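Two complexes, one shared chain (chain A), two partners (chain B, chain C).
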Partner chain A sequence: MNISINAQEFQIKESISLADVLIDYSLKKHIKGSFAVALNSKFIAKGHYAKTILNAGDKIDIMSPIAGG
Partner chain B sequence: MSNTSLSEKEQLRYSRQLMLKEVGFDGQKKLKKAKVLIIGVGGLGCPAALYLAASGIGELTLVDADKVELTNLQRQILYKINYLGQAKTLAAKKSLASLNNEIKINTVNEKLTEINASALITNADIVLDCSDNFTTRYLVNRYCVRYQKILISAAAIATKGQLMVFDNRQEGEGCYQCIFEPSTHQESLNCETSGVYGPLLGVMGSMQAIQTLNYILGHMHLNQFISFDALTFEQQKISFSANPDCCICQ
Partner chain C sequence: MTWSIYEEELTNRLLIGSALYPSPEVMSKAVQASGSQVITLSLKRQNPSEHSGAQIWQHIQKLGLKLLPNTAGCKTADEVFTLAQMSREIFATDWIKLEVIGDDYNLQPDPIELLKSAEQLIAEGFKVLPYCTDDLVICQRLYDLGCEVIMPWASPIGTGKGLMNPYNLETIRMRLPDATLILDAGIGKPSDACIAMEMGYDGVLLNSAVALADDPVLMARAFANAIEAGSQGYLAGIMPQRQTAHASTPTLGTPFWHEQV
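On to the complex of A and B.
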């Protein structure tokens, strides 16, 4: 099934958790430090990543904090 | 400067917002009574302070330890070439006072620290985080949660901006640290290391000023996260609730 991460389409297996997808993605993109994750425009607390099962068409946004001002 | 009425001059100065049903006479008096603390008078703090001063916020307090440098002038729109080398807070006060001489402007020519944070934050109705580093951002968040102050935070780097609003008057509704946990691996990207689109800071700082007015006037009472992309002009609104594991607000 297809999902999007930061507006990019990805194909993933059925009934995979948000935690698994994030491990994969952050390794691929070399994301260091903390980041926030929104699923369909709603932030998901880190403690809920593992029990959040993804559905086809889900839209994930991974956001890093910005310090500049 | 009476806090309970508006002089004829003030009525004329603010006439274009007094005619709005969202502001009106009562709203303008609320703005006049309000105390807003601006932490950092750089790219975000300059436009935010300009609009808040122009709108008639009764008392602005500016906190910054830096001096005006030539590299600031690309985006920090309160400063002029003849302010180089001057303390930012004092230079900003000069610009703001010449825009609006009906308001009070306090300057604190220091970094925000554990020592001065309590006094500064308890004295404010609303706190604007316009800083340029994570240490200050986590410090501001912690004290705003502790003293239940509304925190309107923005950040920008390169062509991307974030706006976050935390209404800490309600306990446990979520804070900056619920969204972004501190990390020792955090890359400390700031305008100095990564560059930034000048007008993007104008957009983000103005958003902070708008939300400040919204809160004072009672048009806003929710937490909010917005990301803005200056290249695509896409704005994304993300809703959030508290992280049950947050060690600051839970």
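On to the complex of A and C.
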């Protein structure tokens, strides 16, 4: 099934958790340093990654610190 | 003299942004020169092809300052709520600089979403520092909702136009004597910050005026001095303006050639 991570389309297996997707995404070095996650525009706390099962069409946003005013 | 933001005691009255500097190294030096104890920063989607965000974050962490994450880029209370929760997890702080923009041209805050958002964030335990216009009633409503700190703009973000409407800013100070007021956005030069402090503002938040100066480190020092001068001027009690001239030199004992014959 298809999901998007930071507006990029990815194909993943069915019944996979957010934690698994993030591990895979990290291994591909797409994530560096601190980050937080929103799923379909709702915040998901780190402690909930493993029990959050993804569905087709889900949109994941991975946010990291940047400079700001 | 100390002051506080949500029970956090501070000695320096300048809050500084971390964006737009020529390099992370210059940012660090300018922030240190400013003496600021609070630094603003933000969150954005990570772009795998560039890790400049990670680099600036490392520099910010090394400074060891109190972090004030903002919600830049948000246009609705729902977007703000999600981003604020993400910020709290990453930065481990309840402080949030609430920005919710209503117009893309002048980046003016949306007053309706701002109030909705402030209420929602306070209910979730955030300590909200809202960036708003210099509208007295909006400032009052934000304060009534529980925002101990209110941050009206001097002028639109990044314009450097200074205090567009001193009357409004003075009125907000007069009408909200117990609120912590921080002038935020639009400050261009040190005298702008000094004027705000002379009005009795508690602090000044700025970024572009330092980051875009030819010499950001020197400008950071200039702002620190201006804020200190304005703060001391306010505390010292500024003399009232008068309509007519008053000689400052005593007339008694003036030289004989001034005496009437």
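We take it that the second predicted complex is superposed on the first by the 65 of 69 C-alpha atoms of A that agree within 3 Å, B and C clash if a C-alpha of one lies under 4 Å from a C-alpha of the other, contacts with A are read in each partner's own complex, and residues count from 1 in each chain.
Quick note on the criterion: contacts are C-beta pairs under 8 Å (C-beta built on N, C-alpha and C of every residue); 3 or more make two chains touch, one makes a residue touch a chain.
These numbers were taken from a predicted model, which means no experiment stands behind them.
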First (chain B), second (chain C), both or neither touched by A:D61: both
Partner chain(s) touched by A:F43 [first = chain B, second = chain C, both, neither]: both
First, second, both or neither for A:G69, with chain B first and chain C second: both
Touched partner set for A:I23, first chain B, second chain C, both or neither: neither
Touched partner set for A:I53, first chain B, second chain C, both or neither: neither
Larger contact residue set on chain A - chain B or chain C: C
Chain B versus chain C as contact partner of A:N6, first or second or both or neither: second
Chain B and chain C contact sites that coincide on chain A, given as residue numbers: 32-36, 38, 41-43, 45-46, 61, 63, 65-69
Chain A - residues contacting chain C, complex: 6-7, 29-38, 41-43, 45-46, 61-69
Interface residues, chain A side, partner chain B - complex: 32-36, 38, 41-43, 45-47, 61, 63, 65-69
Sites on chain C touched by chain A in the complex: 17-21, 27, 40-48, 51-54, 56-57, 60, 69-70, 72, 78-79, 81-83, 85-87, 89-91, 157-158, 206-208
Interface residues, chain B side, partner chain A - complex: 40, 42-45, 129-134, 137, 154-157, 160-162, 178-183, 185-191, 194, 196, 201, 225, 227, 236-245
